[in-house]
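Written out below as structure tokens is the structure these notes cover.
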Amino acid sequence: MAVVVEKIERADPSVIEKLGAAGVATVHEAQGRSGLLASKIRPIWPGAQIAGSAVTISAPPGDNWMIHVAIEQLQAGDILVLAPTAPCDMGYFGDLLATSAMARGCKGLVIDAGVRDVRDLKDMGFPVWSAAISAQGTVKETLGSVNIPIVCAGASVSPGDIVVADDDGVCVVPRANAEAVLTGAEKRLAAEEAKRQRLAAGELGLDIYDMRPRLKEKGLKYV
Amino acid sequence: MAVVVEKIERADPSVIEKLGAAGVATVHEAQGRSGLLASKIRPIWPGAQIAGSAVTISAPPGDNWMIHVAIEQLQAGDILVLAPTAPCDMGYFGDLLATSAMARGCKGLVIDAGVRDVRDLKDMGFPVWSAAISAQGTVKETLGSVNIPIVCAGASVSPGDIVVADDDGVCVVPRANAEAVLTGAEKRLAAEEAKRQRLAAGELGLDIYDMRPRLKEKGLKYV
Amino acid sequence: MAVVVEKIERADPSVIEKLGAAGVATVHEAQGRSGLLASKIRPIWPGAQIAGSAVTISAPPGDNWMIHVAIEQLQAGDILVLAPTAPCDMGYFGDLLATSAMARGCKGLVIDAGVRDVRDLKDMGFPVWSAAISAQGTVKETLGSVNIPIVCAGASVSPGDIVVADDDGVCVVPRANAEAVLTGAEKRLAAEEAKRQRLAAGELGLDIYDMRPRLKEKGLKYV
Amino acid sequence: MAVVVEKIERADPSVIEKLGAAGVATVHEAQGRSGLLASKIRPIWPGAQIAGSAVTISAPPGDNWMIHVAIEQLQAGDILVLAPTAPCDMGYFGDLLATSAMARGCKGLVIDAGVRDVRDLKDMGFPVWSAAISAQGTVKETLGSVNIPIVCAGASVSPGDIVVADDDGVCVVPRANAEAVLTGAEKRLAAEEAKRQRLAAGELGLDIYDMRPRLKEKGLKYV
Amino acid sequence: MAVVVEKIERADPSVIEKLGAAGVATVHEAQGRSGLLASKIRPIWPGAQIAGSAVTISAPPGDNWMIHVAIEQLQAGDILVLAPTAPCDMGYFGDLLATSAMARGCKGLVIDAGVRDVRDLKDMGFPVWSAAISAQGTVKETLGSVNIPIVCAGASVSPGDIVVADDDGVCVVPRANAEAVLTGAEKRLAAEEAKRQRLAAGELGLDIYDMRPRLKEKGLKYV
Amino acid sequence: MAVVVEKIERADPSVIEKLGAAGVATVHEAQGRSGLLASKIRPIWPGAQIAGSAVTISAPPGDNWMIHVAIEQLQAGDILVLAPTAPCDMGYFGDLLATSAMARGCKGLVIDAGVRDVRDLKDMGFPVWSAAISAQGTVKETLGSVNIPIVCAGASVSPGDIVVADDDGVCVVPRANAEAVLTGAEKRLAAEEAKRQRLAAGELGLDIYDMRPRLKEKGLKYV
């Protein structure tokens, strides 16, 4: 049952790039509010905003062997996504693995577990979204799988799905939906810009969105 | 039971400003160690230190409709304080609402739930203290209330109360106590400054506060 | 049962300094993966990396009296390590105590509870690793002990043990092991540097560590 | 600021009794979904269902002195409600205090902290709703207050309010609302009984509540 | 995007029944340690052991409308499985919904949220595995979906999958694997019975599983 | 570093038995409020009250190999105490290991991790205090140690220490202190019995413990 799927499909790089530029909150809205990882997954340093193709890892708790296996599968622009098979906050990943992943063109790591060497990772500019920071090392004893569908922090992730990550968290877009989601995201961004200007000028959301009649109908009282 | 109270009393702006300058830890001590929100309420970016008058929001879980209603009630110098009626980590508030709130002179947001667009909020200089960061959006379906007394993160907050917030967290001062608390806070700050100098010079708290006799009486043994 | 042990042994300062330079992750590995504090213990500001001799404090929940007692026992290069006798997130320590501790040459604080005045502590350059940030003050009513063996965030700490702390967390090295651990840490660092260069050049961990035969033997399938 | 309010108003005993019989879920609905304590407050043994008048205690973390003070204020039918002034899971209350409280006619305890001697409490038939179970004892050093308004597990409780508790948790009814809430609760119970029979006979909620048109209007698709 | 899939495939009832008899721990092992829900999902009363076909519900936080929709889709032997689209501990389900579900032959509920009326549910013999118990009611305002693939408490569940639940928790078996998993589970049970007798007679696992040579090879020292 | 200490000292069986009869809360008080495990360690079934000699296990996360090793070291009256080297909620222990342990006279298990087969364990009458219940199985790949000093759920435990466990939790008594603690515990029990009778008769703790003068001196006001 331990397998490495070597050939995965990836989305169009220009679509991926634009999803990354749209950011997590917009992408999440544009795909009908699905695909968000749990809010415990936080950036280990602020300010990074990336998108890439998921290379998925299902790993035993406390065992990072499969990360080495996964790194061989990386192509430029990929993002590693690791889910342990049981809850674990140990440090699966540090500066050496980051050096190796960066050498393969990897854009970042999303992990529902811990990482270490966080200052080095920041200095290297390697972004990580993790559930914990821990110096506790792992073993290399038990197999897992690479590039199979996983559940990471409550979200389903298939290999080749687009991972979007920024300071708000991480959202996964199924590969087949990438272009449709992008279209929706760009529409939202355009609409938001117009609203932002009206709101900045002091106009109220109550009026822009015509909320007053429905508030009244529902029974809101001003006293 | 869904109401908006339009007219609330606010404290003297100069008192509010001085409470903000005193900071959360000092203000909390000065009012007899009450009014502190739970430590899960953390700034989404470090360094802000504000005080303002509370415009309170009681909102259903996952429903941010009443924020639009509350923004209309804002006056310059106010702080929005939102408590959901059941635990919720969704992202009630983002850059558009912040744009609107800032246009009304709002100084910040305190929320026992999540927010999103945190990088934008930081770039805009809009401070938020929240229980979570989440891109998960909310609906606008169910009424709540604005400017009623609420319990936010374990603390009672009435509209017009003074909210003080900095990197230590958030403290609420009942409006009626504002001047007395300020007097106490300023006394503490003066006393602390004198102690700081003695401590910096190497004098011990054991001596400054004359603790040795009482430690001995309680039975502390040096071995 | 409330005691202050005034005379404790400390490790060689040059060994301590080198352990600090090696950092938490390396030191933890070098001593057989023991001594790590739970990952809830986080720096209140990023970037500090220190090592020092533990002056330990066992304090009642919500009572910081013994910190004053412990400060008198500090020597230059020491680190305060406080464990409450029951879980507590209150703010035991702020800028006044930090001023006093710095005047005695203290290098930092590790505490399985809360601290306050975090912006001041950052401005003073006094590093703290804590379980919480809270403005909630403590009392001075009940005795505890100083320089007895304690359990702090899941790790045993004896007075005079070497505490190493950085952005990855906190690790404790028993004093008797300091030199052996340092030897191991320095070996690891040298070995890591060689590997880092090979990995940066694109060589795979699978090959550097000769993992392929064992992966095959365990049954990993490439599909 | 440490006070004991000796004279408090209580609601009509027959109203209190009927609110207890209605149970937490019904009472909570009947008062507009307010007054519920956080779901961390759980019964230490299952099956008890009580209601009584709140005698409130605001106590320092780890200090149960004020429980002794509060017991003197108890009248038959009262329920002790304790909120610590900072989060604390220590065991404030055990079989001796329960013996004393029962001798005064106390019907139970609600506490946002820990209790101990849980097997004895069960054998004595003394019901407790708590946030934790812990053998960790407390001190008697610092004052608190009795019969002042408190916030307990996220809910405001004033002395004399009606506390309703069962296996679903704890709900607080402001004294002034007791009769109105009871009227609402009894209406709900009658309506529920009719619905229960129809549902048991196999009729669907979709039909009983006439939900189909609105589901269709909102866009639900059957495929 | 809100859909109800009316026609789903279910596994052979006799296979489902035998998986239920094998229990969660055995079934989980027999399918290669996958499909387990997070350990926060606990029975609200002990002793039930069931298996059935999943009727899945994806519901907004704090909104139980889709449960009414799902009940219409139930067949005898089904189990409702609800995942909210954001974390939520509110009480989605109580005795009225249980009455309705039981009338349709439903065997139980698995929910990554809260339920209420727990004493009634126990008295009715309706088993529930939930993440919380809360009297907090929900609204009926926003659509979700029924019988689509969901992620519930970290596990993927498709409609018609077999849900096995007992005091150890909940495990999901993909429908296509049901017979193979059952075969594996029954082999394990037989093997375990033989081992149980040898262990009960005092034989050691070290000998039964021939562990001594490998322990020695790995370097275990007896001192 | 992986060792099994085969010969450990145990306390006098009659002392152990009496400590068990005294119970956790009394024993914890009698030894100066030390030795209590964190309150997350809860019985998997209520009502057991035991004491025994600790056979300690330090095990890697997700690896229960050393339990097999430890069982060989058990003598009648021992209690297994397992601490993982990193946080882990997996099911290390089930009915087969319990069968084996019972065959060696083991009285129970204390584990800062998970267990499974909880219904079987209850039916067998084998008591367990654990941090979690989980069907998730473990591997047998990495060594740990048996009968070395460990930290379990925040408490130091040495092999041969007396473990006392009941519905209030778990307390550890260092072997050398066993008789002194027992003497103290029995004094407390005798004193408590006298107090219980006075309290049951309606006398107040305020009077029995002569608290009124000190409350007044501290400034408590009756209003």
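By letter and in written order, the chains are A, B, C, D, E and F; residue numbering begins at 1 in each of them.
Keep this in mind: a contact is a pair of C-beta atoms (placed from the backbone, for glycine too) under 8 Å apart; a residue touches a chain by one contact, two chains touch by 3 or more.
Heads up on the chains, UniProt names are A, B, C, D, E, F = 4-hydroxy-4-methyl-2-oxoglutarate aldolase.
Because the structure is a prediction, the values reported are computed rather than measured.
A.B. asks: Repeat of B-E among D-F, E-F or A-F, where over half of the residue-numbered contact pairs coincide, is which pair?
C.D. replies: When the contact pairs of B-E are compared with those in D-F, E-F or A-F, A-F matches.
A.B. asks: Centroid from C-alpha atoms only, then distance chain B to chain D, rounded to Å. What do you get?
C.D. replies: Centres of chain B and chain D (C-alpha means) sit 28 Å apart.
A.B. asks: Between chain A and chain D, tell me the centre distance in angstrom, where each centre is the average of that chain's C-alpha atoms.
C.D. replies: 42
A.B. asks: Rounded to the nearest whole Å, what is the centre-to-centre distance of chain B and chain C, using the mean of the C-alpha atoms as each centre?
C.D. replies: Averaging C-alpha atoms per chain gives centres 31 Å apart.
A.B. asks: Taking each chain's centre as the mean of its CA atoms, how far is chain C from chain D in angstrom?
C.D. replies: 42
A.B. asks: Can you list the chain E residues in contact with two or more other chains?
C.D. replies: Each of 33, 39, 85, 87, 89, 134, 136, 142 in chain E touches at least two other chains.
A.B. asks: Would you mind giving me the full set of chain pairs in touch?
C.D. replies: A-B, A-C, A-E, A-F, B-C, B-D, B-E, C-D, C-F, D-E, D-F, E-F
A.B. asks: In the complex of these two chains, what residues of chain C are touching chain D?
C.D. replies: 60-63, 85-90, 134, 136, 139, 141-142
A.B. asks: Quick one: which bits of chain E touch chain D in the complex? Just the residue numbers, please.
C.D. replies: Result: residues 2-6, 65, 68-69, 71-72, 89, 91, 94-97, 99-100, 102-104, 114, 116-119, 132-137, 140, 142-143 of chain E touch chain D.
A.B. asks: Hey, which residues of chain D end up touching chain E in the complex?
C.D. replies: Residues 23-25, 28-29, 33, 36, 39, 42, 46-47, 49, 166-169, 171, 192, 195-196, 199-202, 204-206, 209, 211, 215, 218-223 of chain D touch chain E in their complex.
A.B. asks: Can you list the residues on chain F that touch chain C in the complex?
C.D. replies: Chain F reaches chain C through residues 1, 32-34, 38-39, 85, 87, 149, 151, 154-156.
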